[in-house]
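After this come two complexes, each holding chain A, first together with chain B and then together with chain C.
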Partner chain A sequence: MLAGAALLAPVTQAAALTDEALRLTTDPAQNEYRRIHVEVQHRSGPDTRSYQIWFASQPFDRVADAELHSTLVIGDTEGLNRTAPAFDTQDCWTAGQPVHRTKDDIPVLAPDILEWSCSLSGVMPGVDQWIAVLPVDADGRGLSPLLPIRARTDVPDQRPPPPDTLPITLTLASIVLSAIVLLLYLRRRDILSGRAQTSRAYLYLAPALIGLTALTFYPVAYGVWLAFTDADQSQLGEENWIGLGNFATVLLSPGIVRVTLFTLVWTLVNVTAHVALGLLLAYTLTQPGIRGRTLYRTILLLPWAIPGYISVLAWNGMLQPDGLINAILGTATDFTATPLAARISVILVNIWLGIPFMMMVLSGALQAISTEMFEAAELDGISGWNQFAYLTLPNLKGTLVPVSLLGFIWTFNTFNTIYLMTRGNPYVGFGEPGATDTLVTYVFSVAFDYGRYGVAAAWSVAVFLLLLAFSYLYVKRSGVMEVAR
Partner chain B sequence: MAGNCFAAPMSHKAILFGALLLLAFSPLPADERPSLVTVEAWHTFGVDSLEERLFVEAVDRFMADNPDIRVDVVRIPFLQNIQQFINAAQAGEAPDLIRLSATELGKVGHVSVEGFPLLEDLRPHLTPMQKARYLRPALAGMSYGASLYALPASQSCMTLLYNRDVFDAAGYLYPNAEWQTEDFLRAATALTTDDVAGIALPVKWSYWFIPFIAAAGGTLFDADGHPALDSAGTAEAMQWVLDLERTHGVTGATNSIEAMSTRFQTGRAAMVIDGAWNWDRYAESGIPLGQSLLPYDGATGKRMAPMIDYFGWSVAKQSPVKAAAAKLALWLTSRAVQADFALGTYSLPTLVELIDDPTLTGHPVLGGFIEQAGFAMSVPATRASAMLFEQLDTALALTHDGTLTARAALRAADRELAKMLAW
Partner chain C sequence: MSGRAELIDWVVPAEVRTLRRWLPAAAVVLAIAAVLEGLRYDGPRQIGLLCGLLLLAGCRACLAGDRRTWKRRLGATFAGVGTVIAAHLLVVGEKSLYDLWTLAWLALPSVLALYWLISPRVAAWASGSDDAAFIAECLSSNRRLGPLLSRAGTQVLLIHACAPVVIPLVWIADVAVSPGNVLGGAIGDAFTLDHFAAVLSSAAFGTWIGNSLVVSVGTTIVGLLLAIPAGYAFSRYRFAGRRASMFLFVLVQMFPGIIILLPYFMIMKTLGLLNTSIGLIIVYSVTALPLCVWMLKGFFDSIPREVEEAAAIEGCTQLEIFRHIILPLSLPAVAVTALFSFLTAWNEFLLALVFNTSNDQYTLPVGLASMIPATGQQWGDFAAASILVSIPVVILFIAFQRALVQGLSAGAVKG
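Here is the complex of A and B:
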């Protein structure tokens, strides 16, 4: 800390006697980054009203060639305090104490002050500077010649160290190495078991596997690790292991049951509607005798062809009180104002977005079913509904089950629709997820609105485990793997 | 054949060697001279907007005056700048200069990477004379704790805008500085029809609620600058604002900012509380715009005080060229650049010498906003301030739907804020 005690310290660098009355010196030991420390000894005369500090990057003998750095006023200090405002620093001292300041933050020296020091901010580092102190009278006239001294600060800037990438590099290297070792082991096993012809296959597999492990497994593993730390936005790179603390926070979060239930409702309603309407449209469009089939398919594909965020923003506009929907209905309802209306709105928009994909996939699957079966059924007098229930659906199972599973996972993880339409709002409680928040949008909010990376990672792990369990049960119960085999 | 094949590569090697030698001893291109420093500046101005054009022109002038500094300008989406900045800083790739608002400073001020703040304290970079040129509230608004994290470049606040045609059609006198909140309500009620809202106001948005707080004698912060939402005045203001929609039905169905602007822009609102940033949008729609100070409360004698937000230029703590970046920040907040921005985009200046400049105070648009800024409410750049809006929004929503009373909602908001600050 700079202190007045150092006022008379020996001058160790460029210093000069300006005249008999004013002595200006500098002490490089007290310099800081972009600051030069100067010390002044002067007995102010009766005409001296203030001191002006001038500086320039070259020698000067008139103020026109220099820049005014600061001004210290000489006057009565009674009633003034010595505290600088928050956005300022105390730059000048006398007798070991900060100088007094006016309400407008102008430093004031009592007339009897003979010695004072200042830490001059705003000077360029590593460059010679010329500094002069000029006593001036009430009219701003200089009372002594300008005799600048040369000074410079070479104190380096303090910068954060570059991020330590060694742990990331080592982790990635060990992941890649593990993948290579795994491939070598499998190749050796094949050779030993007499399947030498497959050995090259591992070479072809290697780039994809290494890429996958590095780009997919590492972020996932990092996310899982974060879930056990206190990582948050305010202390990046300094996280500590806290065990299951974040999972406890997740389980005790207000609104956890509500947001989980809404996520399930959101997912089930969407997937059911996607599959049902997609299948209906696909089935209709594969029926013989439909004219303009290609045109219908093209039109029905539009929601999928347009970038999702544009569609969502368009719907958001249409659902506004001044939007198209209200204009058609002749109302002025805000469809995203109340929790129920907002939930219905986001679900309907997402259904609209998801139908084309299901329709296209199921159209392909329907066209792959042999027509001979249906011709035989016709001959046997089986009705259209029974044909659908007992021929079409069982033959679609191999497609329906994985597509529904994919749909479930995608819809569960949908972010754009809700974020762009409502941002999870309306609010329904303090510190709780919004009425239209799903687990995924809420995780985003926890991570990037609240900056709680560790807690958000714990939420993500919970979502991952939930989806993993669902997928396992769904695949096992549906028997789709048996169908596939 | 073999001899030919061998001879050819030899001559290629010689050519290659010669080329490498030439390259090694040739003068470096201007961009790679060691003395040239490059400052990467992130801004958030709209694509091809007037703001962006003025900014780029200012940067070009700076580079012309400082041939040893090159500035790389990067546009960042407004809503993503904080997160992108934090991510970049975490990766050690923060830009040298970034444009931030006071509210955003509150979000980023507490963030640290490896124990260092993300932003440079600019106090050592300025001389006292340079600092004295800025308005003191603007410097305070750009400070986080004891650190000055940005040089203020502009400020903004809202005022009362009105559609003269709607007032004329109803034979109603235009709003004026003597208006009280009761006059405001009377006019809004009188001018509301099936098609026209008296005052287009998104009542559940805290930013639009804040102006009413001061008029009712409420506060957002205690004497120490800590958030204190729960007060009788704030609760009263909340009730009054929500009643504009629920009881008086004068706001139209304008529950979003865009709906509010669209309604006023299409001539279906008599009044709107809005900022200078939308002036051109309304004027270009042919709305005969009028502007007035926000009214004051007859009972408290206090005028409605919109929130004032400051925008400034921050230097990243990681920047290896801080002196050059600070020099650019000084230029971007200089009189010349601020005057161009003020006259071009109606942003309010933050320099002492400009705030009373007759060219600006007498300007038909700027003058009104500068006058209103004199009654505006500054929000300190703190972490709590950054969190305050969501709590206030929640309180408004829960009071609006009748879940809680205004007072209970504000009390709960204070509790939640305290909880969040303890994280």
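Here is the complex of A and C:
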């Protein structure tokens, strides 16, 4: 019977022991996904206290060349349960039943057990492994030579089933179809009203419009829907409608006031500095008779021309204890260690990044102002400052208002500067926004660090509404000023 | 009659005007410097700079309001004390470049103020003189001195504006050619091209450039294919729904990236387009689309309709007109729009960070950022890679700056 088993088993090696042979076999038929099944027949001697299972990816004859997979203790099984372990690196059986285990899930064999089997987890599929079982005495000495057997599991990796693409495909298709139908309807109306030559316009417009609807308006709608669901990292495509729960989470989240205030400070300080300094530089550069104007303009343009992420990473280096700023000052301060210093640092870096855009746009607008007005002012003896305040600024208003609104929206939505400088640190508390987090970077970390998609979507919607409110206020206020003037 | 008020303004010597303008600027610089001295724990110097600040502010106050000889004398005294403090700090204090720069902001204004306030012309002005001889003298000297001083002031301002740009560039270039993957070290103390060699021979850098090229070129092609017809339709046809669709294109620009980021991620995940170039190409071409359409519409608007009408009378079809007339005429504009979408895709960080999580799908921005993790930062390699990546982009940008700014601000201002 033993000989028959040896014939059936593909690889068998037996070791002569001090008292009796240990027979180790593997049965590929019982291998599972990333598990190898081994069977052991051995009458343990009086010195044997435990079995160690060793494995490696090459043949080995010393334990130093292998890794310990698991240990089975030989001892009294009185009072122990035959339970499946919570986390089973080895699933061991004797006589058709799970082995006894201690409270710490260590498998225990009674001394009189002659046959046992284990299913060893954590092996790569399709790769040869060498496995050996070593009886060990009380001092940890091996009682037999290591004679590893070759084994492998060929059960392939089970990939999770592909997510259901049908709903999204259907939605996208219906959006595309309704856009086409709308365009066809408009075209027909145009033809009926006698504007036949314009019918081609719809054809030209269709690709862009369909792309825009399908890939901008649909995602926004989807995002709003997500805000009312319990979507998170662990359940994708199975989210359930939970109503306003996420919005309650948002409103009750710790640090919401702090992060909102910092976002406002961040945006207002940045935009003010961008516009003020951009205007100062644009005004200076458009004065007549400056030596090296082209060179200055080109240098001042560089913060915009250099890819933004590179500038921010370079500033990250410059502000470190052994960076440029400390070298200049002769100090070793970590400018991103304390909340106040970190906040000032990220704001200053973002100011540096944003000036050139304002400078270029405003110098374009300055050049468009008629110079005759200034010549007349010069003749009347109006000083430089008064010229600026009473001629230049009012003439620039048409550019300043929309550009600063745009700057407001852009700065509010800035992500790279903070993420690449501090990642929102210094740390304040678990789940709370960091000291330099703005709403945008905090929403990012809620979504992609904590994996709470539904809550993050609710944050996005709240942030969007906030931004919309501010933009509306701004437009209204600047409109009011226009009427008053 | 307002003639007298204007006259008073006219006969202010250019020296006084210059001091009025620049003493506050010097005070601001000294205030910043004094705060920074707090970081350096240099108490005596901080006190010295603060005293200097107060003296310059006092000197500025003496130049405001009525003309009085005692005010001039007081101002000159303040400036004199400021000069003495500056000289003292120069002798006893540290003499790094930074220290010399802050000292210059104390010393130069003090010395100039002292010199000018004891000059006869300013003395005459301060005594309230407005006889014809003084006015004539003052006007002629202002005509000579005024432009000179204002030009010098402009140069000072521009040099200070350029310093925060130039100094970091020099420093990052120095990090790139310094041995060891660390920050620090004096500028120009050692030279090696190891970092450039390491970056150019690393497989990862090649992969990132390849990915970025595929994504950027793909975005440009797809974006233009969508934007050119749409821009042309907006420019040439008056059709029902034109205003509404144009507004739609503006509205999209106002959506914050964050509200769209998560849905994009979920959709791409469901469609299996994460960690592919296609996902990024789709998203980039659509996000850059509105601005491209607006830019192209503006350019098409500038081509006179008569050219087309003439061709139509000759019997050209619409497509022929577009291919043989409109496209060649607007080729420079199309090139600028192409450059714009290319640069947008080339520099984009956030979407690439979220979409492409596996190292072999990183684009350059994500790849370069991965060289600067919290620990084990490879500053030398990063600096070398940054320089290699930036130079072509910067050259393209500078070369096309005017057109880019025009296109961008056209979209922005109309939006």
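Structural remarks
Here is the rule we go by: the second predicted complex is superposed on the first by the 292 of 485 C-alpha atoms of A that agree within 3 Å, B and C clash if a C-alpha of one lies under 4 Å from a C-alpha of the other, contacts with A are read in each partner's own complex, and residues count from 1 in each chain.
Everything below uses one rule, namely that contacts are C-beta pairs under 8 Å (C-beta built on N, C-alpha and C of every residue); 3 or more make two chains touch, one makes a residue touch a chain.
In this text the structure is predicted, and so the values were computed from the model without any measurement.
Applying the stated contact rule after C-alpha superposition, one finds that A:Ile168 touches chain C and leaves chain B untouched.
Once the two complexes are laid over each other on the shared chain, residue contacts for A:Tyr427 go to chain B alone; chain C is not touched.
When both complexes are overlaid on chain A, the residue A:Asp322 reaches chain B and chain C alike.
Between chain B and chain C, C touches the greater number of residues of chain A. Within the superposed three-chain model, A:Arg35 lies in touch with chain B and out of touch with chain C [touch as defined at top].
By the touch criterion stated above, A:Thr333 is placed in contact with chain B and with chain C alike.
By the document's definition of touching, neither partner reaches A:Trp241: not chain B, not chain C. Legend: residue contacts after superposition of the two complexes on their common chain; A:Val361 is shown touching chain C, with no touch to chain B.
Looking at the shared chain after the overlay, A:Gln233 reaches chain B, while chain C stays out of its contact range. When the two complexes are laid over each other on chain A, chain A has residues 162-164, 236-237, 317, 320, 322, 333, 448 in contact with both chain B and chain C.
Contact residues on chain B toward chain A in their complex (touch as defined above): 83, 86, 89-92, 110-116, 123-132, 136, 139-140, 142-143, 145-146, 148, 252-256, 258-259, 262-263, 266, 268, 317-320, 322-323, 390-391, 393-394, 397-398, 401, 403, 412-413, 415-416, 419-420, 423. In the complex of the two chains, the chain C residues touching chain A come out as 6, 9-10, 36, 39-40, 94, 96-98, 147, 150-151, 154-155, 157-158, 161-162, 164-169, 171-172, 175, 182-184, 225-227, 229-230, 232-234, 236-242, 245, 248-249, 252, 254-267, 269-272, 282-283, 285-287, 289-290, 293, 318, 346-347, 349-350, 354, 365, 368-369, 372, 377, 379, 382-383, 386, 389-390, 393-394, 397-398, 401, 405-406, 408-409, 412-413, 415. Considering their complex, residues 32-35, 67-71, 85-89, 91, 105, 120-122, 124-125, 157, 159-164, 232-238, 317, 320-322, 332-334, 336-338, 425-431, 448-452 of chain A touch chain B.
Those residues of chain A that touch chain C in the complex are listed here as 162-165, 168, 186-187, 189-190, 193, 195, 197-198, 200-205, 207-209, 211-212, 215-217, 219-220, 222-223, 226, 231, 236-237, 280-281, 284-285, 287, 289-292, 296, 298-310, 313-318, 320, 322-324, 327-331, 333, 352, 357, 360-361, 364, 381, 383-384, 398-399, 402-403, 406, 409, 412-413, 415-416, 419-420, 439-440, 443-444, 447-448, 453, 456-457, 460-461, 463-464, 467, 471.
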